[in-house]
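Scrolling down, you'll hit the structures one after another.
In the two complexes that follow, chain A is the common piece, with chain B as its partner first and chain C second.
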Partner chain A sequence: MTTAKVSSSKQRRARKAFRANGAYHAAGIAICLFFLAPFVITFLASFRHGTEARLPPLPPWPTNGLSIDSYLSLDTFGAGIWQHTINSLLVSLATVVLTVAVSLLAGYGFSRYRFPLKNVLFVLIIATLMIPFQSILTPLFIILAKLGLNNSLLGLTLVYVTLQLPFSVFMMRNAFDAVPKEIEEAARIDGARDLRLLVRVLLPLVLPGIATVAIFAFLNAWNEFLAALILLSSNEKYTLPVLMMAVRAGRLGAVNWGAVQAGVAVMTVPCLIVFLLLQRYYMRGLMAGAVK
Partner chain B sequence: MNKNMTDTGVVLTDIRKSFGNLEVIHGIDLKIAEGSFVVFVGPSGCGKSTLLRMIAGLEEVTDGEIEIKGRDVTDLDPSDRGIAMVFQSYALYPHMSVRDNLAFGLKMAHTPVAEIDARVAAASSILKIDHLLDRRPGQLSGGQRQRVAIGRAIVRKPDVFLFDEPLSNLDAELRVSMRIEIARLHRELGNTMIYVTHDQTEAMTLADMIVVLRDGRVEQTGSPRDVYEDPANAFVAGFIGSPRMNLLNAEWAGDGYVLAGGQRIASALSASLLKPGERVTFGIRPEHLSVSTTATAESLSAKVDFYEYLGGTQFLYCQLDDGQAVVAEHRSSIAIKDNEVVQLTCDPGNRRFFDSSGLRLR
Partner chain C sequence: MTGSGSKTLSPQRKRRRRSGWRGLVYIAPAMALVILFFVMPVIFTGWMSLHNWPLMGGTRWIGLKNYVRMFHDARFLSALQFTAYYTVIVTIAIFAVAFPLAIFVEKQRRFVSVYRTIIFLPVVVGLATASLLWVWLANVDSGFVGPALKALGLADKSPNLLATFDSAFLTIIIMVVWKIAGFTMIILLTGLQAIPADLTEAARIDGAGRWQRFRYLTLPLMRKTIALALIISVTGSILAFDQFYIMTSGGPQNRMISVVYYIFNQSFVSFNLGYGAALSIALLAILVVLSIVQLWLLRVGEERP
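Right, the complex of A and B next:
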């Protein structure tokens, strides 16, 4: 074979690889654009001038320069955007903390201990996923009222935790099931018992499960609308989704689209932050090297 | 360290284990001398791992008593028993560095930091893992991980080391070198070690005492030589040794003779025990059969079905005249081919006889 032939076949292979790679990346970029477009459009639109915001949304970027009018007008609704953001953050973070704490212990118990009716209980917990929560809102409302927790963020948090737990317990049980029993036994021989065993040895190993539970709990609590609308009655307690409805309702039928876009942008940012903070635990193969 | 082999290190008294109504360990009594290397061996499901885990405290004892160095530990927590365990799957903590893996048990026991550092350094130099201390288990090879697992046991300075099939995840070559290393470790440390395996080579090479288990019962205990040369019953005879001992169906012919494979074979058994016509088992190891082409008074005639050549030795898989299978080892430069008829003879001292229930006849 001559060197010319070798180099031409090399070039052919390189061209083929380039075309294949090119198609792969083009498809990837197209799909990314498709998913990113709504966020980008909303975000850009939120920086339009007050009057421009009412116009049809094409082109989707500000044409008369940037302005934070929409954000300022968003702040005039309800008790001010900061108050409602803090409400939402309080409820969401408390939901995350409670959900993780309870599902961690419950998942550990279901995975590692033997007790009577274990599987029945577990199925019962999972079965509650099948009940649409809208159908139990009325009883929930009455129960909370009896407990003196209606129109309180704590009551709302408890409802969110309750709704979030079946899925979370299921996730955490699976996470604990994936941890080899030998690691726990080795730790027991090393003298780690009960809570220390859970915190020092097992917790780092189920971190991906905890991250998943935390992300879901945060997003669901942050975005939840119906329960918040029904259970909260005073203006200053509203969470962001309820505020957004108030914003969208507008005055005399005129919707302040600029404020709506700004509100959506404000609501999206914490979700992105939480996801970006925790997503690496999805990816990390923490179990590598534990056994075998 | 205490090298006095007459002291008892571990004593098991009538140990029983049931899962629900199913009893899996049926009353095991065992005295393990301080500083000895004991190997539990048996087919899978014989309860050897369960027994080890009961000694470790990972499995509850249904009935009986476990004593370590004169202390009743039956109901103690694993960490209070003075034991350390090496698992088949290593069971390292994947989120900790090798150093933290080694130190974890000591930290849990609130050992002073200087002491921890000293012990970790000592253990890692014994096992030659000093240069790996800052790595995570995920960055180590199988052999290195097993060393770390053994190191984690060493730093605890236990009275008894427990090994649960520690080498079965390693490849053949590594297994041999780790085996030698464990033997060296035992000589250096002098602790009592209890080792579970289904690998006979490991059992024979490492053990001071072999405990052969079957279905939750001890079939025989003794030195590797005892167990190999003087098996207590047909199960032990067939289990220890590779290839296994030939166990031929035979019949007591009276007058000190046994009928096997159509041949009268002399035995040193006292005739009073048996009635003529009673069924017995005639056991003979492949390496004790000598192969020739000329028939003698007590030779068994056999046809070679197929053979394995292992270099220097040949295993012949043969059939006797009455259809029973026999394996013979042939150490000779003269090759024997398939379908050849050979004459197998054996020295009277190597013949073993078992009664119909499998018990050794002497």
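Right, the complex of A and C next:
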């Protein structure tokens, strides 16, 4: 009698836990649906036929068979989608390479050397975080023009690298601080000096930090809109977000929504892939930023 | 072992101090970039703000006239007002969504990391991309939201969400929450996870209810994290541009011009570069004041743990 009671209460508790668990995951799925749906709808809709592009995505998946019409119509804007994708890739990858190189050197310098004004200079680099780059775009525009770098992807890249520096130098200095000095001393005794020591011995040890710096540099450069809008003035130089303004504006008052969907897909997919592959390093950077 | 280590260390240290300038060589590229593309532009902005500075032709020193003009510029004042309104509403909306989400994904259980990742996905795409995506979703004829409402019988005809101020504003708020909530969630999550589990356990045993534990334990302990998330959200919102430029082009009756949008218009549409610089200095001052408030908030958090 008593055992039956115990087991039934146990069962009841188990059933309650099961139901709570079910409710939890039902809520989880509903939340995920909200955050995923815009992506999924756009990707699916971008593969509809050209004739369907104007129609609402109900249902979002292609009903008349797959087609790349939207991507073809996107290609008719500006200097062609390949050109603008290459522009965006060039700027983003150059930003990654330069940011990693510059912040690697600076992080090493700040971590391992003593020199006059060291703390002042470090604070100066970090303090630029306080000042929004949106407020200095006009002089940037003029300075780049003086340097002959207006309307150039290189000029835009240098601006992006500068914007990445506070975070990146901070990350790299911490990465070097975490490397035991003994390793360096041993390598020095073996005859490795300066740059060779840095590249051969220390570089592999700070790779996680470099990965974090590289991901943030890539995503920020790939996604940036306002500076590119102001600093690039000729059609064939536009990066993807700036090109998309022409698509958004439409022709003769009509917006080609198929091209918009295709453009969103082209701009989104690289970000999602980079994030999903390197999520661990991305989150590390976020935590480091949050703690400090 | 330690003895030999310290022996090799001391000549090293001497050598390093002697070559003290070598460190400067390593940081030189970074310093050059920061000085050329950040420090100089900031100083230059201040200089320009004291001039009448058209795109072509000569510049003329006019002292503080740009600043005087600013205070009488009704459009600038309304841009300030709109930006403040947007910042308050969007920050409340982000927290109202992100805090429950952070609590939702806090405990380690099945699929939680999948939920976290999916909620975070919109954070890594650009704000410009997100704006573009949502301007399509919100389109009256070819979009998703309006036609879906009509198909479900919730509206007689597909509503034009971006046509009136209130519905366009609501659409932008929802877009930004979709885009940013994952970020704020992760920040708040780090704060939640830093609370020692035995503390909550002790409070539970002492008979504190769920709400009491949240109000008197979780919230005070998360003060620093909340301050940080708040500051990131506020500064980000004050600098908002992409969503208004792309989604509503300044909005119905030009009522959605944010401060950065107005500076953009003055500098790069009307080419009043000097006046644009003065507006930039004002924006900069606002944000520096906010940074000081931020430091103060964080300090207060330390005093009362």
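The rule is simple: the second predicted complex is superposed on the first by the 230 of 292 C-alpha atoms of A that agree within 3 Å, B and C clash if a C-alpha of one lies under 4 Å from a C-alpha of the other, contacts with A are read in each partner's own complex, and residues count from 1 in each chain.
Operating definition for what follows: a contact is a pair of C-beta atoms (placed from the backbone, for glycine too) under 8 Å apart; a residue touches a chain by one contact, two chains touch by 3 or more.
Owing to the predicted nature of the structure, the values given are computational and were not obtained by experimental measurement.
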Exercise. In the overlay, answer first, second, both or neither for which of chain B and chain C A:L205 touches.
Key: first
Quiz item: After lining up the shared chain so the two structures overlap, which partner does A:R13 touch, if you call chain B first and chain C second: first, second, both or neither?
Solution: neither
Practice problem: Tell me which partner A:R248 touches in the superposition: chain B (first), chain C (second), both or neither. | Solution: second
Quiz item: If you stack the two complexes on chain A, which partner ends up touching A:W257: first (chain B), second (chain C), both, or neither?
Solution: second
Exercise. Check whether A:E182 is in contact with chain B, with chain C, with both or with neither, and answer first, second, both or neither.
Key: both
Self-check item: Contacts of A:I230 with chain B and chain C, given as first, second, both or neither
Solution: second
Quiz item: Who contacts more of chain A, chain B or chain C?
Solution: C
Practice problem: Return first, second, both or neither, reflecting whether A:R193 touches chain B, chain C, both chains, or no partner chain. | Solution: first
Exercise. Could you look at A:R280 and tell me whether it touches chain B, chain C, both or neither (first, second, both, neither)?
Key: neither
Quiz item: So which bits of chain A does chain B touch that chain C touches too?
Solution: 182, 185, 188-189, 286-287, 290-291
Quiz item: Inside the complex, what are the residues of chain C that reach chain A?
Solution: 5, 8-9, 12, 16-17, 19-27, 29-31, 33-34, 36-42, 44-45, 48, 101, 104, 109-111, 114-115, 117-122, 124-129, 132-137, 139, 141-144, 146-148, 151, 158, 178, 182-183, 186-187, 190, 225, 228, 235, 239, 241-242, 246, 260, 263-264, 267-268, 273, 276-277, 280-281, 283-284, 287-288, 291
Quiz prompt | chain A to chain C touching residues, read off their complex | solution = 24-25, 27-28, 31-32, 34-36, 38-39, 41-42, 53-58, 60, 101-103, 105-106, 108-110, 112-116, 118, 121, 124-125, 128, 130-132, 134-140, 142-143, 158-159, 161-162, 165, 169, 181-182, 185, 188-189, 194, 219, 222-226, 230, 241, 244-245, 248, 255, 257, 260-261, 263-264, 267-268, 271-272, 274-276, 279, 282-283, 286-287, 290-291
Quiz item: Taking the complex as given, what residues does chain A use to touch chain B?
Solution: 180, 182-183, 185-193, 196, 200-201, 204-205, 286-292
Practice problem: Going by the contact rule at the top, pick out the chain B residues touching chain A in the complex. | Solution: 56-58, 77-79, 83-85, 87-95, 104-105, 108-109, 136-140, 142, 145, 152, 156, 169
